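All remarks here apply to the structure that follows.
Chain naming follows the written order as A, B, C, D, E and F, and within any one chain the residues start at number 1.
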Amino acid sequence: MNHLLRKATGASLALGLPALLMGNAAWAQDASPAESAAEAAAEALGAAADVVAETAQAVAAVATEPSLSAGDTAWMLTSSVLVLMMLVPGIALFYAGMVRKKNVLSVLMQSVFGAGILSVLWVAVGYSIAFSEGNPFFGGLSKAMLAGIGPETLSGTIPEYVFVMFQMTFAIITPVIILGGPADRMKFSAAMVFLSFWLVLVYAPIAHMVWGPGGYLGGDGVLDFAGGTVVHINSGVAALVASIMIGKRSGYGVENMAPHNLSLTMVGASLLWVGWFGFNAGSALSAGASAGVSMINTHVATAAAIVSWSLAEWMVRGKPSLLGAASGAIAGLVVITPACGFVTVSGALIMGLIVGPVCFWAVSGLKAALGYDDALDVWGVHGIGGILGAILTGVFAVAAIGGEGKSGLIDGNPGQLILQVEGVLLTLVWSGVISAVLLKVIDMTIGLRVSKEVETDGLDFALHGERIHD
Amino acid sequence: MNHLLRKATGASLALGLPALLMGNAAWAQDASPAESAAEAAAEALGAAADVVAETAQAVAAVATEPSLSAGDTAWMLTSSVLVLMMLVPGIALFYAGMVRKKNVLSVLMQSVFGAGILSVLWVAVGYSIAFSEGNPFFGGLSKAMLAGIGPETLSGTIPEYVFVMFQMTFAIITPVIILGGPADRMKFSAAMVFLSFWLVLVYAPIAHMVWGPGGYLGGDGVLDFAGGTVVHINSGVAALVASIMIGKRSGYGVENMAPHNLSLTMVGASLLWVGWFGFNAGSALSAGASAGVSMINTHVATAAAIVSWSLAEWMVRGKPSLLGAASGAIAGLVVITPACGFVTVSGALIMGLIVGPVCFWAVSGLKAALGYDDALDVWGVHGIGGILGAILTGVFAVAAIGGEGKSGLIDGNPGQLILQVEGVLLTLVWSGVISAVLLKVIDMTIGLRVSKEVETDGLDFALHGERIHD
Amino acid sequence: MNHLLRKATGASLALGLPALLMGNAAWAQDASPAESAAEAAAEALGAAADVVAETAQAVAAVATEPSLSAGDTAWMLTSSVLVLMMLVPGIALFYAGMVRKKNVLSVLMQSVFGAGILSVLWVAVGYSIAFSEGNPFFGGLSKAMLAGIGPETLSGTIPEYVFVMFQMTFAIITPVIILGGPADRMKFSAAMVFLSFWLVLVYAPIAHMVWGPGGYLGGDGVLDFAGGTVVHINSGVAALVASIMIGKRSGYGVENMAPHNLSLTMVGASLLWVGWFGFNAGSALSAGASAGVSMINTHVATAAAIVSWSLAEWMVRGKPSLLGAASGAIAGLVVITPACGFVTVSGALIMGLIVGPVCFWAVSGLKAALGYDDALDVWGVHGIGGILGAILTGVFAVAAIGGEGKSGLIDGNPGQLILQVEGVLLTLVWSGVISAVLLKVIDMTIGLRVSKEVETDGLDFALHGERIHD
Amino acid sequence: MKLVTAIIKTFKLDEVREALTALGIEGMTVAECKGYGRQKGQTEIYRGAEYVVNFLPKLKIELAVDDDRVDQVIETISQVARTGKIGDGKIFVLGLETAVRIRTGETGSDAL
Amino acid sequence: MKLVTAIIKTFKLDEVREALTALGIEGMTVAECKGYGRQKGQTEIYRGAEYVVNFLPKLKIELAVDDDRVDQVIETISQVARTGKIGDGKIFVLGLETAVRIRTGETGSDAL
Amino acid sequence: MKLVTAIIKTFKLDEVREALTALGIEGMTVAECKGYGRQKGQTEIYRGAEYVVNFLPKLKIELAVDDDRVDQVIETISQVARTGKIGDGKIFVLGLETAVRIRTGETGSDAL
């Protein structure tokens, strides 16, 4: 904004200059001194008035056409870095610690290669589908290969390239989250093909619906500050579908499939927590009040969920576990994601306290009852936690935090709840159906699942030719 | 600051506009052309002068009543993230690598659950006790549950929520540091109860005394830029007390208690180092000159301490060890913490060179002589390093760096040394005594120490039901 | 951009000023009603003129001497932190995962102690040699021990201390990269002595030539946005020379030297990737358009190189490996380093696609053909990738991105290619020759290589008295 | 008494343990080991370099059993651990002179 | 000569080694192993799932000793390694036909 | 048949394996172990504390061989594994009553 203002000032001065000089010139001729002086003054002042009017316009323009803010840009650059860290090495380690040792490298490889291929696709078409004009469900291809964007193109107060980058980090972590469901038994090639199509056919459209120009859900008024719907429900349901369609791990329920090294999982969860501030507070797209409230809400909900999950486990199972605490942290982060810029700190605290026991039940009671093998509990944590978050956003949002019109049940707007449910359902159906179709097609062509022998030997050597030699 | 200035400019233009138009209108009536023109001009100019005066006032006001700075906020958001990373996974890994393998997960759990429960307590009462008005030793409860703070509330040039968040990260890492002392033998429940009370009764009051409004030590002029007293001496002495009161690890001095995996310790130390820039340069609370000097001082002292500890060990023991270098890094970070915004780069270099050998002696000579079992040397590094830092701050502080009145011995103010010693002593006594009382009460109620059997089997399985399967 | 605008504003005010003053002088003559009105007006104008004059001076001062930007500073503080994270623990882990388990701690120690000693040397003399005035090859010693720099000293829009710190992180990681070549067999003492002299005699001069005031290569117009030449070619060729001079690892080609734990390598590569945004986007030295384009280019090239390396390996070897994908990431980061602020996103994508197969060939075909034992492929990735990057920068640079005069072949400036080759050759010769001389002298004095027994037993215990007990 | 030592494929452990428990065998000791035999090693490739891993992961089970159960035990293990593919492993039987239960000091068959 | 093999609880190693050294036993070889016996396994719980770990960590000590020291060695180990709680472990004695010291080529008792 | 057990220095494994393969020995089983003997332990120092590591890493090779090859095998191992420095290790020979190849059920010499 600064430089527009300065431009305006500069212009007014520049315009004022000839007027003043003209005034001088008039005096120099002398005729009727007072008159001509007055005339000159009048002229000068008239010119000055014009200048002022112009400046006023320029200032008004500043309000509607924002300029680059170095502070906001600094924070968004940082946020992009933080969200990338959630994927490599964050979620990669979170997952790697929970699988058996023979599959560790394969899990890590999914994150690294996934980050590569999905980034390329995002730049090629994903960003355009999500964030260019189109219909309420899909954007167009006008920004394919980032057409029309240059270093000086702004998106709000930050370079659009930074916005593209920030959104890219969301777009590449979301598909990879899914792979926790069919972990330990999915072909690497099948997984990468699936993620690629899923990015284009599921992630980008849902992002468009929620955040894109003219998006269906955003237009309806569904609230999703940082991606509870777009990221967590979306990936959660896809993971559930994938887990069911690919079938259980061989030996499931019989063999010991204890997490091989929860230190890795703890490090991964920590980096997810740390990086999630980029995710949530970064979604404010600026370094101001909204980022501040998003950050503290994110932290408080996470802390509360650690405590509530651990206490629930302590009571039910007799011991509080590190995996429980780490899972609680993720559940808290998931639940607050759609809400962080809309709720009070107390609201965030309550949401965190609720999500802990709910997700603990989802990964133990619910999962056991239904019998699917969602290996790393993506549905139980991201799916259930995401749905809870979407709905509780409709409860706890208050206009005093999120601004005009961002009110939930407790702020006298029960209708928001219905909107939130609409968002949840549309996402469940869209992601669930398309994921199922994609998986079916892949299964019929290259096949989804590794052979039993490969599963027994471990994916690290069989698929990637490498082993951990420890 | 920028936008206030803009507001002022905008206002002056808005005010100037009618005056100028009025001038024009006067002309339109005609009467005595020259006169009225001149009068009008005079009026217009008078109005313009008023505007200029007002603007000047507004600009002056900007100086005294700060507004939100996106740049400062960006840095403080980042700093908060960095300090959180020091706890999860920073210090968790630093400690985990030094214990025996059977206790690794329990150490990690202390950090994760500790971060959860302490964050909740900080929001509930801790922040208020530390940073609201009260007496010189305790703040009040007026900000309990962050009452009265909203998204737009500022603290300096950043949202107060960001300040709360930044301070929260300090408040949750400090208690967890203590657990390195009684590591490998303390009950998880006892540890969490202890930390909770310690936060409220020790950390928050000491923070209030040093940094809070009307705080006793800060008011006296004790210098502690980023928490040498509040964080390191405070936790160091509590760890010493806890180590002594809980007793030595069974088999201490007989069994092999070699660190099980110093890779983890190195990663932890690295993340502490990286995150400490948020801690120290973040304590400038803005992204300007003070943050810059704090950052370079922090880095230089750390580098110097790595070199000096390693060389001391090389000379005394014949080999420079990774654990030595990592410990040197932490010692350097500790010693410069109170001083980083007050000393020159040369001062920081000297402080780093001094602290290496001193802490090396503390963890080997002193500890062996006195015979306590401070398992991970919290007293030797944070306690002794912190005391040294507090005192050397009183030596090396110069007004040219820290500003008016921040002078130490070499800047002609020997009295500062006495103040620094006062801060050290008050902290040692306050933290030492209250920690001892708390531990005694916990020991008499739920018990401090696990059974010998649990200690032998390892805390991971016994307390948390988990194991590393590697 | 900002400061240019300010300059314009200042200029217009400066020009307007005499006109106003002259006008006033004219009015001051002559008496009559109009006269007194005019007088009043004159006074008012005089007062206004004073204000304007003062403002003009202030603004003029701003134009020539840029002021601190909190946003830019926030980003540069963050960038410094990110680059430090590339060294500890980034590259330390990247390398540690590739060596045999008995040498892990020694690799980590090289990074930690190296960071310490090199930081001290950078502050002492390195920064001055690189960034103070001198001849085209060496700066002077006028800034030794950072003489003349204070908290308020600026470098562009950031405190010079922040610039020193940012550059320090480059200066300490570059030498440590070299040690991947002679890994597993170099004496710790020899390595540290070598790095110390190399910093002063190779790194600092090359940095001066490329980025320093009056530097030879920079003056010629060689393009190196973030250090492709200074960091990667420079360290790559030194590693090649060191690998050859120290000789092969004993048992090379016979014993199993498989990487012991690629999880560490993956974490290291991830942190390198994450931190590299500080490296590349930080090299814009501000939080604006240039940082934005550098960041997205860095990411896209990396993603593309992951894909292209992995696909090449998949085709040639039958399996895509995690080590391949991680190596591809590093190759992509290396190749885009000199180019990131000069090329389009499509250019970055193409550069990434090219570098993957090229470096894959370098570490397999080329290395096998020539038979040197560059243990961790520093030459193959940093050397070859760096050279490729330097040359492709000369191909893909376009003025629309990097600004006036930053054009390569595709932007109609084939001459840039020759300049780029000049930069490559000078660096190869300078670094190669001085490294060889240094290594020879060290070999003749303290010796370069550990004994066969130490090599067999492992460096961890033999050199540092420590072991991993897992 | 005999000491029966069986080298088996790692994923067969649980099945073998269960089959032996079904026989009434109440104790055994297992250790990780690496085997070299007719089963070919595997080649890992890291960047350019190939490393042939000659030794493959196996498990070694040791059971002290009374003489009269040896045949039954051998039979059981060799059936359950068999996949029919190369590398299934071996069973070795050694004479066991004494066995002592540390907890009680019992010796001989009582100690098993 | 006999080869005495003892399966013991892991934390008893140092005590056993010291007691044997006191007897004049100058060498032994130790390996990690996992035991299955009357001592019940432990249940770990991860999120919803329970995993029973049937095999518990033990250490196996192997000592080659002259015939006349066997009883003494058995006696010592079984006393020192005894906690009286289930899972203390076993001692097995096997006949040892030859022993060779690789460094010198000495055989028999001289090799120990 | 005999069961030849050799405790060797870790870095000698590949040489020993090659030498045995040259003899026509087609199979063996290796396990990591730690040895205590005349070779002194090593002292590690962490901050102030010294820890003497009494047990040094070794490898244990087990080979089932026909009686007539035992001497040759002992000879080969003891030559190849010898460095002449203390700690080179031992070879123990035990009587082997039966050997079974799990894959086929073959017994005796055929099983090796």
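Here is the rule we use: a residue touches a chain if its C-beta (ideal position, glycine included) is under 8 Å from a C-beta of that chain, and two chains touch if they have at least 3 such contacts.
Here the structure is a predicted model, which means the values were calculated and not measured.
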item: Smallest count of steps, each to a touching chain, taking chain B to chain F; value: 1
item: Mutual neighbours - chains that touch chain B and chain E alike; value: A, F
item: Selected from B-E, C-D or A-D, interface repeating B-F by over half of its contact pairs; value: C-D
item: Geometric centre distance via CA averages, chain E-chain A, whole Å; value: 56
item: Distance from the mean Cα position of chain E to that of chain D, given in whole angstrom; value: 18
item: Distance between the centres, which are taken as Cα means, of chain B and chain A, whole angstrom; value: 30
item: Junction residues of chain A - those touching two or more other chains; value: 2, 9, 34, 37-38, 41, 69-72, 74-75, 78, 256, 258-259, 287, 317, 319, 321, 323, 465-467, 470
item: Shared-contact residues (touching 2 or more other chains) in chain D; value: 31-32, 44-46, 53, 94-95
item: All pairs of touching chains, each written as two labels joined by a dash; value: A-B, A-C, A-D, A-E, B-C, B-E, B-F, C-D, C-F, D-E, D-F, E-F
item: Of all residues in chain C, those that touch chain A in their complex; value: 1-2, 5-6, 8-9, 12-13, 15-16, 19-20, 22-23, 26-27, 30, 32, 34-35, 38, 41, 69-72, 74-75, 78, 82, 101, 258-263, 266-267, 269-271, 273-274, 277-278, 281, 286-293, 295-296, 299-300, 302-307, 310, 317-323, 325-326, 328-329, 345-346, 349, 400-401, 470
item: Chain B contact footprint on chain F (complex, rising order); value: 44-49, 51-53
item: Contact footprint of chain E on chain F as seen in their complex; value: 2, 6-8, 31-38, 54-55, 58, 60, 74, 77-78, 81-95
item: Interfacial residue positions of chain A with respect to chain E in the complex; value: 98, 256-259, 317, 319, 321, 323-324, 327, 360, 363-365, 367-368, 377, 380
item: Touching residues on chain A, where the partner in the complex is chain C; value: 2-3, 6-7, 9-10, 13-14, 16-17, 20-21, 23-24, 27-28, 33-34, 37-38, 41, 68-75, 77-78, 80-81, 84-85, 88-89, 92-93, 96, 104-106, 108-109, 112-113, 115-120, 123, 145-146, 150-152, 158-162, 164-165, 168, 188, 264, 287, 463-470
